[in-house]
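Here the chain labels run A, B, C and D in written order, and each chain numbers its own residues starting at 1.
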Amino acid sequence: MSFQNPVFIPGPTNIPDSIRKACDMPTLDHRSPAFARLFRPAVEGVRRVLKMAEGEVVLIPSTGTGGWESAISNTLSPGDTVLAARFGMFSHRWIDLCQRHGLNVRVIDSPWGEGAPLAAIEAALRADAEGTIKAVLATHNETATGVKSDIAGIRRALDAAGHPAMLFVDGVSSIASMPFDFADWGVDIAVAGSQKGFMLPAGLAIIGISPKAIAATKTARLPRTFFDFGDMLTSYAGGGYPYTPAVGLIAGLAHAIDLLEAEGLDNVHARHTRLAEGVRRAVLAWGMTPFAASPDLYSDTVTAVRVPPGCNGTELVQLAAAKYGVAFGVGLGEVAGKVFRIGHLGMLTEAMVLSGLAVAEMCMADLGWPVKLGSGVAAAQEFYRGSVPALALAAE
Amino acid sequence: MSFQNPVFIPGPTNIPDSIRKACDMPTLDHRSPAFARLFRPAVEGVRRVLKMAEGEVVLIPSTGTGGWESAISNTLSPGDTVLAARFGMFSHRWIDLCQRHGLNVRVIDSPWGEGAPLAAIEAALRADAEGTIKAVLATHNETATGVKSDIAGIRRALDAAGHPAMLFVDGVSSIASMPFDFADWGVDIAVAGSQKGFMLPAGLAIIGISPKAIAATKTARLPRTFFDFGDMLTSYAGGGYPYTPAVGLIAGLAHAIDLLEAEGLDNVHARHTRLAEGVRRAVLAWGMTPFAASPDLYSDTVTAVRVPPGCNGTELVQLAAAKYGVAFGVGLGEVAGKVFRIGHLGMLTEAMVLSGLAVAEMCMADLGWPVKLGSGVAAAQEFYRGSVPALALAAE
Amino acid sequence: MSFQNPVFIPGPTNIPDSIRKACDMPTLDHRSPAFARLFRPAVEGVRRVLKMAEGEVVLIPSTGTGGWESAISNTLSPGDTVLAARFGMFSHRWIDLCQRHGLNVRVIDSPWGEGAPLAAIEAALRADAEGTIKAVLATHNETATGVKSDIAGIRRALDAAGHPAMLFVDGVSSIASMPFDFADWGVDIAVAGSQKGFMLPAGLAIIGISPKAIAATKTARLPRTFFDFGDMLTSYAGGGYPYTPAVGLIAGLAHAIDLLEAEGLDNVHARHTRLAEGVRRAVLAWGMTPFAASPDLYSDTVTAVRVPPGCNGTELVQLAAAKYGVAFGVGLGEVAGKVFRIGHLGMLTEAMVLSGLAVAEMCMADLGWPVKLGSGVAAAQEFYRGSVPALALAAE
Amino acid sequence: MSFQNPVFIPGPTNIPDSIRKACDMPTLDHRSPAFARLFRPAVEGVRRVLKMAEGEVVLIPSTGTGGWESAISNTLSPGDTVLAARFGMFSHRWIDLCQRHGLNVRVIDSPWGEGAPLAAIEAALRADAEGTIKAVLATHNETATGVKSDIAGIRRALDAAGHPAMLFVDGVSSIASMPFDFADWGVDIAVAGSQKGFMLPAGLAIIGISPKAIAATKTARLPRTFFDFGDMLTSYAGGGYPYTPAVGLIAGLAHAIDLLEAEGLDNVHARHTRLAEGVRRAVLAWGMTPFAASPDLYSDTVTAVRVPPGCNGTELVQLAAAKYGVAFGVGLGEVAGKVFRIGHLGMLTEAMVLSGLAVAEMCMADLGWPVKLGSGVAAAQEFYRGSVPALALAAE
């Protein structure tokens, strides 16, 4: 594995040089006013990226998994019921976490490759006249299958059913790369991680919380201390932090948001769509298809490529790493071997994506897959040529 | 606050340049074999620093507070009883955490400034013939008061009482700076943090676990997922990690241990004792005393300085930051104002300590405290002159 | 221009992360023994890379141009005669420098695209029975045209003519990337720069000097102080430096040589040949040709691509930078517009080269050049697939 | 030598973290417009720091010695006469350089510890009615003795004598730390280096050139190519550089000037005066004196401390490095052993200076010098207490 090559895993992403520098800072006294001066812009920036109109942001030194745990342990009590669809490894894991913490999860199983089943969710909510369901969990972007779900649609389902459940969204692999609208979608808790669209190293869970979710913390009886929202918000109000914060990641987050906003959030989203579309053109040129069941489900941050019959995606990933020093993602769980995954999120360029496609093609040829060298690259080149805005790339 | 000056807070510590570089790394695929190659030396190194003969090490992207939470949530069940002495802010906080998680804490309150009360602990254990107490919690180094406790003594108390309780030790501000002997002291869980003796940024809880504590995880019913030791160890066995690891901090940890071992752990401990003794000589020269009740309790990583009557330690800390750009620690909780704290842990030199002492003296003079400029510096100089080994300082 | 993309200029090269870290160091007292400990390995390493059996190495805080100047000003006197062939921009510039410093240059002009004309050189030497020619200047790798010259052949010409002239070689864009044999070729002064095969930032001229050249310094009357070899060697002997050295670049040089030797110099050369050959296959697949007149002249560090009639290489370079954020080299001097240049030296991978080729193709298509997208990429892929050693790439 | 400690050599200085980051950049194509965007602010900033009203700035990848060489080789011809005073190692070296390059130097020898002898200079100029003297060389701050000279006074001498000679000033260890007024003082060439007041690593000569000096380049016949001002200015005009520039140092220079201007140049000068005065108070408290002959000559960037009879300053410097890991400057040339030097320039704080003073005292005690521990520290503390502006130190 050479650090000279970009990575094409669906996170952690390639870290821009200036973000690495922002994170790499000398020790700063987190009990001094200097900390508050550094912290506030990060929190305010997250609020803008999530498009929050009200509510609070907390930053916890952990990961997306910690963010999931914080969402439920702060707002729910043992035995509470939540509704969740399962259609990939990461939706599966959040459900598993809920069960370990003593929640009753009503699981709607959908085929992997599908997104959140809106009709079934609405039906389940309508059937819950007594309001047993306290929260609906939704995986905005299922990283395992490269599928995005319609969070606005889930909000509509809740509204159509007139159901008061909270809406918790796992946006770990979507937020800051794909459009997200906390306010408009009526999200109650959004969970993001530092190492995806925010382009930072792993180590920070980034969480948006609605007033309704904050209210729920008052009565929630699941135990928590490290993840306690109340401690966080009380400390933040005084310019502090309940324990030792990950100062470098917080400084990096503020800088990452500066970069995102300098490019323009809409432009960032459009760039992800453009880069993803080039990858998809390559996949089709290879005679393969994205694993996502239909184009409206295509994720703009990761493409799970369904490999030809008789081929094994995991072999490609291993060969790419061992022979060419390039990292792709393997298929996880029930799609192990059936797909390989190309991450295309974070501060990526056309040149970088093309090198990933070129390496994937060499691996396919090496493994005897029926693919013509250069074919996917050419399809992506053709698309990028026509779509890349001149001078789009600032000297980051 | 100038980043040119060292910090004298009791953690996070000043970060050596080479550790900053080790942490600041490009993205590495944590699902690739390269991750295991990087992870294993870190874990093995921790084992040596803790002096573990058996058991396991886990590294969790969180902090000391997360380490505390992981210790109890992995090994205990709701309603379980633990025994803990409270004699400072950090022993207090661990007790509070236990209570929030539904444990029954038998608290032995001791005056702040004292260490763990061995006799009272032994008495409590002897009185618990039925073995209700599942674990004894011990704060090895109470960062709030600059007091170290006798963990070997607690082990002797357990043995003398013939009590089977586990021994959980908060070594956050002692481990890697002061002697620690997991095996010899019969520790069941030791909690350390990256940002103290390991000289890293905050963001990693470093935890040693005995076979007995691992056995306890099988039946422990407190909920946990992010902190689950079982998931950690299962993943480690396969060269993986249960979620996205903090790769840079892990790489930095391996390098930090290389630095510690290049200096020699015994030499590291001796250096901390030497630097601390210089600070204490300065304190006495100022006509003040360490807050710790007796010399055997003096911490080698932090000195809480009892300020003269009518003086306020917090004012000194604020003035040092605002006027001289130097960070000291305020008194916390019931010693707020009554002390200020000088951290002297991590990769520190005599020159650095002397600059801290000199700045503290200027603040004292500015605030009208009855202290002669240069007096504490001179006392520390005299001690260092006679005790520093020539050529002790490698070109780190 | 995005810093995320590799550069494809023929130097400065892409800088490996660990080299950037080695260069980025805190201030070290260059009058202390610590400096000598850092300096000596750099000098000794250069000796090995150049394959010197005897003589000295000096490191001067300047560039290749400074290296050229040092070579002549230390060894020659006003009015001295040197022999040089001119067949590209960089051989031209060295000649110009000599003329500015009052030397009499016997210039052998050869067509650009050719290498050093061995027969003409030998003839000139044979004609100089009186030994007027004090030195032969040779450009090992003409960066402007992508042409390598046969330095061993020039040595044979000198020997055949029985001529005592010194042999000065500009190896700026060859040394550390292509085979170089100071001892075997009888080189008297070899000039390299930090920013090419050594993969460092610009700022250090790296110079090997034979005993014969050192002897020449005793009588040489061209003025010099900053570049004075005598001052350098006298200072080095005492562990010092005649003025303030570029300590970070020297530390980086020592590390770069560690990297080169860890890979193996022969492997480094083979990798450059392999990467270059892939580029040349792509060029042929585009229906174009390298500018170098014949395959034996092909440089392994840079390919000047002769563009199709009616096309302008400079437009490609400008478009690549403006639209795709990728840097190639323009044609210089008399080949301006007629070529564009692809640098392929330093710590490069197949994935990186392929991204450069893919971007070049997009630009060609954008400019209406008669090239099929993906064609060059495919040719390079096919070659790399068959030639890259598995696991060749260490986790630099 | 520990990198944790500040250095107290009179340059290179301690490098602020943000400057290290600005210098440590990925490769940027120096032939692209991105280079010009980065270069221009650096050049414009230097113009402001030097207080130039007209003329040009060149940045050459070399050092102060290279700057000296460039000054004379661009403006003078072999045999030309220059006037220079010699009163320390660095004024000596510039004179030596001139002689090596074939100039006729009229040397006015003054005792070391004195500054430029204005009356003697004026007399020499008046005596040169025929205008033989082409340039007056002046060392603004003699780093070897800690003496500053009155450059405005030399201008007055030139004006009083009505002499047309150019005025060349070595401001290597003064510029950016002490007031400098290119326009007001009628300077023709000012030479600075990156590694002193600009707080960068060594490797960049920073040169201001008056229109008169530029005019002189047209007829100057000393050979130069690497240092040629004409090539520089021609290239700059087109957004280029005559060879490969030291891009990272140029980026760092622009950032350093941002830091200086954020603090305010007047404040920077005042800070240097304040820090220097504290050092001088300490020296007096030790019963010693600055080597500079009178207070008006005291340098604000370096203090050469005259050591007591029977003591050897070099021993102190060696002991400080070996035992305490702290770097001071030895006495050079005729003051070897008679002084040791404390550098106090660049981004320094009171806390840093005090640590240096404290370490010097320990060394004095170790060596048996008649000095009371803490005495110099106390004198400096007393002075700093009363003079440091609150909140002066930004979070650099």
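The criterion applied here is as follows: contacts are C-beta pairs under 8 Å (C-beta built on N, C-alpha and C of every residue); 3 or more make two chains touch, one makes a residue touch a chain.
Here the structure is a predicted model, which means the values were calculated and not measured.
Asker: Decide which interface, B-D or B-C, involves more C-beta pairs in contact, and give its chain pair.
Answerer: Higher contact count goes to B-D.
Asker: What's the farthest chain from chain C if centres are computed as the mean of the Cα atoms?
Answerer: The most remote chain is B.
Asker: For chain B and chain D, what's the span in angstrom between their mean Cα positions?
Answerer: Distance between chain centres: 45 Å.
Asker: How far is the middle of chain B from the middle of chain C, if each middle is the mean of its Cα atoms, in Å?
Answerer: Once rounded, the distance between the two centres reads 53 Å.
Asker: Any chance you could list the residues of chain A touching two or more other chains?
Answerer: Residues 1, 3, 14, 17, 24-26, 28, 34, 395.
Asker: Sort out for me which residues of chain C touch chain D in the complex.
Answerer: Interface residues on chain C, with respect to chain D: 1, 3, 7, 9, 11-15, 20, 23-34, 61-66, 68-69, 73, 96-97, 100-102, 193, 195, 201-203, 222-228, 242-249, 321, 327, 329-330.
Asker: What does chain D use to touch chain B in their complex?
Answerer: Interface residues on the chain D side: 1-6, 14, 16-17, 322-326, 347-352, 354-356, 358-359, 361-362, 365-366, 372-375, 377-378, 381-382, 384-385, 388, 390-396.
Asker: For chain B, which residues count as touching chain C in their complex?
Answerer: Within the complex, chain B contacts chain C at residues 17, 21, 24-26, 28, 34, 37, 395.
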